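Got a structure for you, written out below as structure tokens; questions coming shortly.
So that you can tell them apart, the chains are marked A, B, C, D, E and F in the order they are listed, and the count of residues begins at 1 in each.
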Amino acid sequence: MRIHVINPNSTASMTAQIAHAAEAARAEGTVIEAVTSIGGPASIEGYSDEAMAVPAMLAAIRSAEARGASAHVIACFDDPGLAAAREVASGPVIGICQAAVQVAVTVAARFSVITTLPRSVPVIEDLIAHYGAAARCRRVRAVDLPVLALEANPATARTRLLAEARAALREDGVDAIVLGCAGMAELCDWLSRETGVPVIDGVTAAVKLAEALAGGGFRTSKVGAYAFPRDKTGDQVGAAGPAR
Amino acid sequence: MRIHVINPNSTASMTAQIAHAAEAARAEGTVIEAVTSIGGPASIEGYSDEAMAVPAMLAAIRSAEARGASAHVIACFDDPGLAAAREVASGPVIGICQAAVQVAVTVAARFSVITTLPRSVPVIEDLIAHYGAAARCRRVRAVDLPVLALEANPATARTRLLAEARAALREDGVDAIVLGCAGMAELCDWLSRETGVPVIDGVTAAVKLAEALAGGGFRTSKVGAYAFPRDKTGDQVGAAGPAR
Amino acid sequence: MRIHVINPNSTASMTAQIAHAAEAARAEGTVIEAVTSIGGPASIEGYSDEAMAVPAMLAAIRSAEARGASAHVIACFDDPGLAAAREVASGPVIGICQAAVQVAVTVAARFSVITTLPRSVPVIEDLIAHYGAAARCRRVRAVDLPVLALEANPATARTRLLAEARAALREDGVDAIVLGCAGMAELCDWLSRETGVPVIDGVTAAVKLAEALAGGGFRTSKVGAYAFPRDKTGDQVGAAGPAR
Amino acid sequence: MRIHVINPNSTASMTAQIAHAAEAARAEGTVIEAVTSIGGPASIEGYSDEAMAVPAMLAAIRSAEARGASAHVIACFDDPGLAAAREVASGPVIGICQAAVQVAVTVAARFSVITTLPRSVPVIEDLIAHYGAAARCRRVRAVDLPVLALEANPATARTRLLAEARAALREDGVDAIVLGCAGMAELCDWLSRETGVPVIDGVTAAVKLAEALAGGGFRTSKVGAYAFPRDKTGDQVGAAGPAR
Amino acid sequence: MRIHVINPNSTASMTAQIAHAAEAARAEGTVIEAVTSIGGPASIEGYSDEAMAVPAMLAAIRSAEARGASAHVIACFDDPGLAAAREVASGPVIGICQAAVQVAVTVAARFSVITTLPRSVPVIEDLIAHYGAAARCRRVRAVDLPVLALEANPATARTRLLAEARAALREDGVDAIVLGCAGMAELCDWLSRETGVPVIDGVTAAVKLAEALAGGGFRTSKVGAYAFPRDKTGDQVGAAGPAR
Amino acid sequence: MRIHVINPNSTASMTAQIAHAAEAARAEGTVIEAVTSIGGPASIEGYSDEAMAVPAMLAAIRSAEARGASAHVIACFDDPGLAAAREVASGPVIGICQAAVQVAVTVAARFSVITTLPRSVPVIEDLIAHYGAAARCRRVRAVDLPVLALEANPATARTRLLAEARAALREDGVDAIVLGCAGMAELCDWLSRETGVPVIDGVTAAVKLAEALAGGGFRTSKVGAYAFPRDKTGDQVGAAGPAR
């Protein structure tokens, strides 16, 4: 089984870190194909970064499908272009936010998310609500560090992440923490040991769910909203018949 | 006041139709600047079309801001890239779906939407839920014609639109109809006369709301999720200070 | 275009202030007709004040319709009698709470409301939930001053309003503030300058939306829940036929 | 224990019917005081009828409190003025819609409501959503007869009510029926026998809940949103102190 | 009328306290039959305690039905086995959480719950959401004492309960307090006097609602989800006909 | 990795069928331990069947934990005792309904469920709402056959299942079908071929998710609502200290 893990931003060192987490998570026999999206923004911190990242990401997904990928993981916690990716793929497509949420509601009654920048808080809140987990997510918190500073300033990142995690346990009454950025993956085990609760990294969660879905033979429905994009040749001269 | 109306698809004849509706709706003194998004898909029928359309649309918004636009209208009923556009603009940005919904909940207790293709039904349902109007929207219906066929086959379009509108009144118990595609704008008055209920065209609704917001001095908040994208220069060498 | 702005309480000085805000907001060519509801309570601070205000307000709306009003604005943040007003009017009817919320969700991702008395907090929370914006409104706050004290004690009002606004930015993580009382209209620009975020006054928002809806030709549906009240003459002798 | 049952419309024959149902439902020792609201509309069929009925109803509630009423029942299925009534009363106030819904969710997993006119359908849907029972109410149906025609045309009323009830069982998959008008009370037992499922009359439900609440010593909270209306004397000269 | 009050845990002293509260609440003519569930856990503090308590509780309900019980009260705030109990009973079955919530939303606009252990907080939050009252319940708080410690350490219980109640009034902005454990019943009047707001004990609420439902002739629907369990004899040899 | 698959009903032939589906789904290296719950009901068709099944199921889970199970699958679509099981287990516990829903929202935009008996429809609807997927599940349908008749009357089962699936595609506008009973597992591939859309069997989904969670090192949080049941020895003599 080949799992295509796409980093939708263009920072190769971040892809390397994602690949490392994915390799650590994969089952025997799974091949991880970690790819940096060429031409995307250096990091994804908000809606326009997401938007700028998606076209190249869709191309990468099409290309990975052609090379025989069994499933795709979008390794950015905003799940940019997730629905669009499902449209162009026939294998299952897993967003790391949705994956982390599915794991969190399975192993904990209540969780909080810790992300990078405050501006991402409403983005992630809306995602979680869209995934139907608003009632189980107590709060989305931010360490107030840019995505790339996680890597550049690891000591600061650790200090702030631990402080927010402890605040979540103390104030939010949660049983688990979800890491709200792909770039936090390598801090997962450490933070779990420090806090004594499950800490869920979306990259790990997504790789495991990708293996699960591909292994179970589940594929994206090609009827309805996730059907392949229509070929529009001839639309303008216009056959009036049904378009489905 | 200059209202920038962007057609996020690349079909110029559709821009012309949108411009026509916008011109008919504008107040005296408003200048409509209708623009075709260069490089977008020929029509927007699903998530990947949306995704492919947004980067060019954001560029068009930046460019219109530089030329002094007071507000922006995204003239596609999927409201593609609406949040991203709010991030790059300082003037208000109006999506025609959100505008139509805001008008509908003001003039009617219950409404149904009629769009083009069945694949767009869940897309629009999710949008309307995100806008908080799920309880007031009875149903999203589709005429099962591609976007461009509306123009190419006007007789078929009218026949099917009227049939769906009558079905909505009879089966859904609604007081108003929302047209779920920018390309239906010119059928609005006719359909209202045929059915006897308000029929809401998103282009008209959005132009009027754009005038209202710009005229009222309302501008997009530049604090929080809609703040301008951050300048990331130097992130990798990494100042650990607050990023806000 | 004539916009009928009804102050549903009987305090003329408050009508004057509302009229002032409406005049400042109106477009060229719009005539503002600001009316004090004769016989209503001195201020509206809760459900029974609302209830006592509505009959006179409906009479004022009918009268304004007869004089040719294009649209109606109910200038009380509880939106008292909004649905009833839509029933008796054929032009669009705008409540200042609903208008402020529609503007807020257009220009900001998250907002908080600041109102007068704590007892109004659940009233406004329920309204906002009914308008579908519960997920975007972080909190409804109160300065703990009666409506009329805003005018009688302007210095206290400013001090408390600013304190609550700063608390909202600091604790609630919002990008915009909504003023939760028509009597706060004149503090809007000042508060926006002090806080650096959009501050939304419902009177301004409602006047602009009223112009937008009337200007766009949108009228209240007269089918369904907002149809004119039925003539009940003869009901008791009872034709059993359909009543619609 | 004295239960004040107020018919908020001015039709005495309807009060008589309501009184009859209330008498049949009351426990030994309970005194039913059924009152017609003087000056209300002949029947309540929509929002403006509700609005016109409430001021007189509030006066009746104040008067009944003064006479020693233990609890109040508002005998109209739209629950007009329910929150306002709670503000002016110290005893519990029961709306027949809320009461019927509380009973329905106790004895059945899913229910449908049958009311009089189609225009009341959204009114009742919104009430039920506000009461938190949207997920348990399958559908609000209408027999398409005015309120007063129920009495004037009993045969038609029965025929249509039975047809709708059977449709509800067949199409909606419900376990119980709620009667959506105080004027249907006397058809309750008959309809239950005909359909074999619990049929819930709001007047009966409300009288029993009023006895329960008054008997249990529960009284309306006089702190917060249901506190007595404030005395506004002196507001304009304005003490700036806390108003609570 | 005979009300069967079942304590689903096996602690007889707790049954005695529940019986005391039920006796104090019952109307003249009501017989309270308080029963300790034989074989249940000593107290119910979480999901597995609930699960272990239910089979014996269902047997007790069947047995009480056979002895002629008019209604059943499940005297544990988690409402364990409520739906199952409705399936095996023909009389109405009242859970003390659902009863307390129904009373709370009738007498107050906003309430908070105070329960025993922090681990029960999500359990009760989910129940309240399921009952449709999430928007009216501000917060579920815990005194952090085991159920049985309420009785064993009454002074500590009072101190902590009062502290949480005051915190609820100060921080949550509520008008009423709901006691989140059957073992708190006897502290109800005292806490109401100390705080000045309605304090709602679920046992009292449930006994009164049980009388109301039984007295009003309401019985559990035996069609649909609450129908008696099917007799499965012969299923395996399998008549393929409809099973309803 | 050892996955404990518990059939909570006592019908061994059904365990055999579940084991067959689990074996077909498992990855290389996974050992499936399929167990029949001793003492449960013959099939689970409603709330009291669920309640009667859970105690034995919890014992089975404890026993499997002691034998070294990596994860647990509850193989009944009502997910009976899921939260309780999470309390007693330290490995992840997967319910087949929750698993099927998680897969469905990953591979399809809208789905319908097909279960056995109409009485289970509200049970499953409430579960799906609790899992946050109400907006994505169009409808829960029933073939109106008892659980055990699926096996006893395979031809009837196939005919009715296909008819409901086709109705779901035609009327509900779905892109995928979820099988709402563990006993339907072996019809999954056939139904997918017949309908052309993904058909999701909960047993398969749950086995794959169990492997994913166990393989990813995710374990049930032992803090908060899923903490192990407290040892209550000494509660009655009552240490008043914190119980957490």
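Just so it is clear, a residue touches a chain if its C-beta (ideal position, glycine included) is under 8 Å from a C-beta of that chain, and two chains touch if they have at least 3 such contacts.
This is a predicted model, so every value here is computed, not measured.
Where touching is counted per the definition, the chains common to chain A and chain D are B, C, E, F. Among the remaining chains, A is positioned farthest from chain D, on the basis of C-alpha centroids.
Taking the mean of C-alpha positions as each chain's centre, the chain lying farthest from the centre of chain E is B.
For the pair chain D and chain F, the distance between C-alpha centroids works out to 42 Å.
Centre-to-centre separation of chain B and chain E, using mean CA positions: 50 Å. Separating the CA-averaged centres of chain A and chain F is a span of 26 Å. Residue positions of chain B touching 2 or more other chains: 83, 86, 109-110, 118, 121-122, 126, 134-135, 173, 224-225.
This structure has the following touching chain pairs: A-B, A-C, A-E, A-F, B-C, B-D, B-F, C-D, C-E, D-E, D-F, E-F. In the complex of the two chains, the chain E residues touching chain C come out as 109-110, 135, 173.
Chain E makes touch with chain D in their complex at residues 25, 27-29, 83, 86, 92-94, 98, 102-103, 105-110, 131-136, 169, 173-176, 196-198, 200, 204-205, 207-209, 211-213, 215-221, 223-226. On the chain E side of its complex with chain F, the touching residues are 11, 13, 41-43, 45-52, 54-55, 58, 81, 83-84, 86-88, 116-123, 126, 130, 144-149, 151-153, 156-157, 224-225, 227, 229-230, 232, 235-240, 242-244.
The residues of chain C lying in touch with chain E in their complex are 118, 121-122, 125-126, 129, 134.
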